[in-house]
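Each in structure tokens, the structures are laid out below.
There are two complexes below, and they share chain A, which is joined by chain B in the first and by chain C in the second.
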Partner chain A sequence: MPVWRGWDKIKYQAQLDPAFAEEVTSIPGGEKLFDCIQCGTCSGLCPLSPYMDFTPRKIIAMIRAGFKGEVLSSHTCWLCASCYACTVECPKGVKITEIMYATKRLAIREGVSPKRFAIPVLAEEFFRDVESNGRNSEGRLIMKLYLKTNPFKALKQATLGLRLWSQGRLGIRSDSIKRKSELKTLLKSLEKERMVRSRRETAHAGEAK
Partner chain B sequence: MNYLYFPGCSLKGTGRAYEDSILSVFKGLQLPLEELDDWNCCGATSYMAISEMKAFALSARNLALAEKQAHSRENFGLVTPCAACYLVLVKTQKYLQEFPDIGDKIKTALKSANLEYGGKVRVRHPLDVLANDFGTEKLASFVKKPLKGLKVACYYGCQIVRPYAEFDDQHNPTTMNRIMHALGARTIDWALKTRCCGGSLTGTIQEVGMRLSYILLREASRLGADVVATACPLCQFNLECYQKQMSREFEDAISIPVVYFSQLVGFAMGLPAKELGMQRLFVPFKFNPAAESVKGGIHVHS
Partner chain C sequence: MSTPENKTNGTPRIGVYVCHCGINIAAKVNVAECVEFARSLPYVTVAREYKFICSDPGQELIQQDIRDGKIDRVVVASCSPLMHEATFRKATLAGGQNPFFFQMANIREHVSWVTFDKEMATLKAKALIAGAVMRVARHKPLEKTRVPVNPDVLIVGGGIAGIHAALTIADSGKKVYLVEKEPTIGGHMAKFDKTFPTLDCAACILTPKMSAVRSHPNIILWSYSEVSQVDGYVGNFKVKVRRKPRYVDEELCVGCYECIEKCIFKKAKFEDEFNIGLSQRKPIYIPFPQATPLVALIDPETCTEFRTGKCKKTCVDACERKAIDFQQKEEIKEIDVGAIILATGFKIFDATRIPRYGYGKYPNVFTSLEIERLVNASGPTGGEVRLKDGGKPNSVGIIHCVGSRDINTNRYCSRLCCMASLKLAHLIKERTGAEVYNFYIDIRAAGKGYEEFYDKLLKEGVHFIRGRVAEVSDWTMTADEEGKLVIRAEDTLIGVVRRIPVDMVVLAVGLEPSADADNIRRMFNISCSYEGWFLERHPKLAPVSTFTDGISLAGACQGPKDIPDSVAQAGAAAAEALALIDKGFVELEPNTAFVQDEFCSGCCTCVALCPYSAISFSADNNRASVNGALCKGCGTCVAACPSGALQQNLFTDEQIFEEIRGVMNYV
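Let's turn to the complex of A and B:
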């Protein structure tokens, strides 16, 4: 008889984080999450759900129940390509794509996003590039991504890169805007603004006031 | 109507042919396009994953610049061909209006950089401009080389129609189909016209992203399409540039031209191939009206 190995899937109330749902739903319109009827429309039509460790419907149930660690370290939100199919079809108006973005931001800030996983790495490289130059250069971005995640893949993709370059479709030099300081001032003034707050951050904000 | 033009980073890089063809077509139709001065990156999906407020600020700067550049001109649009840029700009507009809290914060941030935005910009996709401002009838009068017999799979992708559906139906958009009919082409009727192409996953988790693109191409070829027409630089890149790798990976020879809808518009208007960026395609687009074939597929006639 096969041995049952599901013990690690059982969680007792004391191990859950009851405030997690509040954190995630602190985004504008986030409270709709509590209206979810678990119909599964989102998971059914999500083109990425077959590759996710938890489907969108499960993620919503887990957020409500307080499975913070499991949700934030799962690959689900990073597989969301933000095509908004779920958001448009949800019969209860849950902004699922925005919930996915909120969990991405929380995962990065809590430092629990999957390690050496290309998607958060790409997001952070992209962020840095735009922060300093105001524009991103696809060529440089892709090179940095491969170097940080899988240098062997860079070699495999070299032919594609060369072909793009020969057709004038791949810029390596960094493109930047003229009035960089204007953009810097603008972004800097929002440095501490958070649309989704973890409890720790809410407490900090309270103290600061 | 006056138009400013917001290219975004991709139209200066992998999507150069999109920029080439949009500029040539608008020029050919006597619709002047003026590039937005000192525009910055829209932040795409990556910025939203890190800081939503900063993502809104990036777009707010572009909107503020557009409003300033248009100054006294009433009734102007910011033409944004890239689907990611288009959605982020539209989304920012909505959030600034719907959530005063966010609107105020962004306003203050803009002020600190001596910028100001009064909410006057209308973000427009070129599909919207061509079909609704210019009109397909007028467009048809510019056609010199009708695409008679060409079967086009119109692929809209996700972010142009979702979630806001500013100018077309979310479930069954038809703007591009109508434009193709005006050019004399036929369009195939397919259910995947708004299914996700994989977005940036093709670059990050290739085995997943490429499969999503492959499903689209496989379906389009099975339905007898001669060419896939796109309206987004990332869709075009994903569907076109990985065809060799897909053929190997899925042991299925895939070879179908994937062009920008604007390239087909320019082609039918008789504009030179080079001005439409046709030389930048991996899978060359060839059209020979004499070799009209009627094989397979479900066709929707204009």
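Let's turn to the complex of A and C:
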């Protein structure tokens, strides 16, 4: 007889992150997290909810309860197609799509986005390319995507790739802008501004308390 | 009421009483410091602090000081005048002084509740006390005036609330005018078959009350009429009522249906408003068999005689009592009443505003009110629940919260749709044996016997799915969905999206303020909350009266309400009206405007501005004058008068400037 280990299924309060909800509400678009009445309109409307490990409604309940690990490593936000159907019809004005974006960003920042899952990999690689070259080169992006998710699939698609390349529809060379250093300065100053703003906000939050 | 004479001679002697209000004030304002400060102010002879000055011992402090001759004017620094001004004026009077030798300094709502810093709060409290002291020193003794009250009552709206209020007042021997805009009284309740949670027949409990209204010697029932103008003030309203022509003499018609049968239209072909378009009527009709008054009426929009003038007028020949009169004209009745009760009800939410539920697109999507007519034994189908093609539904989905709890439509909970949906679920299951699915967000069954009714339905095998419906469509994915309407919703308790094919969809539509609520509100000069429901004076302690004295509210015009609550409120409104009438007089506040004749230039600026038509102009002496009984003390004329001739009691220029000086000079 296997030993009954039901207590492992209990979620203990110590395993939850009570600050997680505030982390999400402090992101623009996440303010109305606590307005949710768990009616399920979002999940019912969502064309992708059948493929999600947690429905959007559940994700909101989990954020509020502090299920940080489960939420950030879930596939839900990465499946969101940003059709905004949920946000349009939500009876309480919760910006569910924006909350999906917020959890995507948090997942990347925490490095817990699902590994070998195409969408987060694509997002990261796309941004990396634009950040360093000022342009996005489709051919390289696709190569990287396959290498990081499923290299065998790249072999399967090789003929299609070659045909597209021969027709001039897919480049292999890396595109880039001329003065990359200026872009770097621009991005750096933006980042600096963001840091200053967030530091000011934390200071304000501290004062209010 | 006789107010004592001004007992001051010479310098005023002012008593200042600073209230702790438990810790409401004392936690932010240094009360002892304020008292010490008050002692240093001119004219102040007594300054005290107390935990609750509004309490009996607190008021006794004031009265004793007046009796002892220590003071002749009173300043209380405590809460807002709205809360306790009347209390302290009474205390001042009880002590033997004119009640208007009193001024309040609001150091709770204006200071302690809204100021973080204790020092700043104390400083502000001191300034307000100084202002009040300087002001009260300039107060003059004032007298309240008494006006007799007309004992008749006007009730607007003949739904269950209006009917109940009318009967209650009429039974006490008072005369009631009941004005209803529809051809019959009964309102929405007359359309229902059963009422929750007891499932007693709506008609069986309503129609006796309707006929009681008709036969009551003290009730004048004007159906098919609307109030067109309201003037006057509490106790003495002047109201004009527009009686729309029915083209059938109400005195002569006995409701025999002969004219309707003989109408040249052999078949009824016009939309029947009473059955919400589910059946047809003729141009001459009686809304339903128990209509009160049971009098036919002609709709000139559809009647051939009115449209072409070339009708054979078979109805006229059919009527033995010669009641039909095509020449009937609109009539304006003028009445004087002392009190008014508004019971103008609600309208249902327009379900086409939520296109994803398919109302108006799919024929078998109904509103709950339409289903009420279908299950009604005297309804268009004789109580059979039928699809648009006449078939019997095997499965029915009821969608809750349509147009409620939704920022895109109405934010509020319409309160009765849960129970109404449960009732319809029971009736549909009982009549058709269909599988019934309720899609709800929360079941709100708070009321006597309501939760028990919910329990009963759970046992009856009605399905409850917790999830707001995403969509109703005819787009099928499986064989069993063919030819059906598919409801898609997340079953939130299980956590999966479900598709449920049904034959009929019922939308439990919410309640909204009636279409003409805004006009009514303006006509009767009352306020509304942001959704448009009429606003009560206080949500808890004056839920029936309005900010306009003499006008009270009953039923759903104040907010969504079911039948028991509407009737209860109607009783309360009747009591309010009777209390006013039985007293026989009203006391008018003396804070009215008056004209200083010597300064008036006769420019008439004030006359047009007065919202209460209280100012008249006399060409003889070229002066304006204010009717104290009509003036509400709004101050519009005082502010507008270019020569400063208009002043207002309790707000004279001198008093206001002294108050400002007090606030500015002493701290």
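Simple rule for what comes next: the second predicted complex is superposed on the first by the 176 of 209 C-alpha atoms of A that agree within 3 Å, B and C clash if a C-alpha of one lies under 4 Å from a C-alpha of the other, contacts with A are read in each partner's own complex, and residues count from 1 in each chain.
Note that a residue touches a chain if its C-beta (ideal position, glycine included) is under 8 Å from a C-beta of that chain, and two chains touch if they have at least 3 such contacts.
A quick note: this is a predicted structure, and the numbers were derived from the prediction, not measured.
Chemist: So if we stack both complexes on chain A, do chain B and chain C clash, or do they fit?
Modeler: fit
Chemist: Given the touch rule stated above, what does A:Ser73 touch, chain B (first), chain C (second), both, or neither?
Modeler: neither
Chemist: Going by the touch definition up top, name the partner, chain B or chain C, that contacts more of chain A.
Modeler: B
Chemist: Report for A:Arg57: first if it touches chain B alone, second if chain C alone, otherwise both or neither.
Modeler: A:Arg57: touches chain C, not chain B.
Chemist: Using the superposed model, determine the angle chain B, chain A, chain C defined by their C-alpha centres, to the nearest 10 degrees.
Modeler: Nearest-10 rounding gives 80 degrees.
Chemist: Please work out whether A:Arg135 is in contact with chain B alone, chain C alone, both, or neither, and reply first, second, both or neither.
Modeler: Only chain B; A:Arg135 stays clear of chain C.
Chemist: After the superposition on A, what does A:Ser43 contact: first (chain B), second (chain C), both or neither?
Modeler: Only chain C; A:Ser43 stays clear of chain B.
Chemist: By the touch definition at the top of the document, which applies to A:Gly93: first (chain B), second (chain C), both, or neither?
Modeler: Once the two structures are laid over each other on A, A:Gly93 reaches chain C alone.
Chemist: When the two structures are overlaid on chain A, which partner does A:Asn150 contact: first (chain B), second (chain C), both, or neither?
Modeler: Neither chain B nor chain C is touched by A:Asn150.
Chemist: Tell me, in angstrom, the smallest C-alpha to C-alpha distance between chain B and chain C in the overlaid model?
Modeler: The answer is 9 Å, the least C-alpha separation in the overlay.
Chemist: In the complex formed with chain A, which residues of chain C make contact?
Modeler: It is residues 356, 401, 405-408, 441-442, 466-471, 488-492, 495-497 of chain C that touch chain A.
Chemist: Per the contact definition, I'd like the list of chain A residues that touch chain C in the complex.
Modeler: 37-46, 49-50, 54-55, 57-58, 89, 91-93
Chemist: Where on chain B does chain A make contact in their complex?
Modeler: It is residues 9-10, 12-17, 38-41, 43-54, 57-58, 61, 95, 98-99, 101-102, 105, 108-110, 112-115, 158-159, 162-163, 170, 194-196, 198-201, 203-206, 208, 212, 241-242, 245, 279-280, 282 of chain B that touch chain A.
Chemist: Looking at the complex, which residues from chain A come into contact with chain B?
Modeler: These residues of chain A touch chain B: 27-28, 47-48, 51, 79, 81-85, 87-88, 97, 101, 104-105, 108, 118-120, 122-124, 126-127, 130, 134-139, 142, 145, 153, 160, 163-164, 167-171, 175, 177-179, 182-183, 185-187, 189-190, 193-196.
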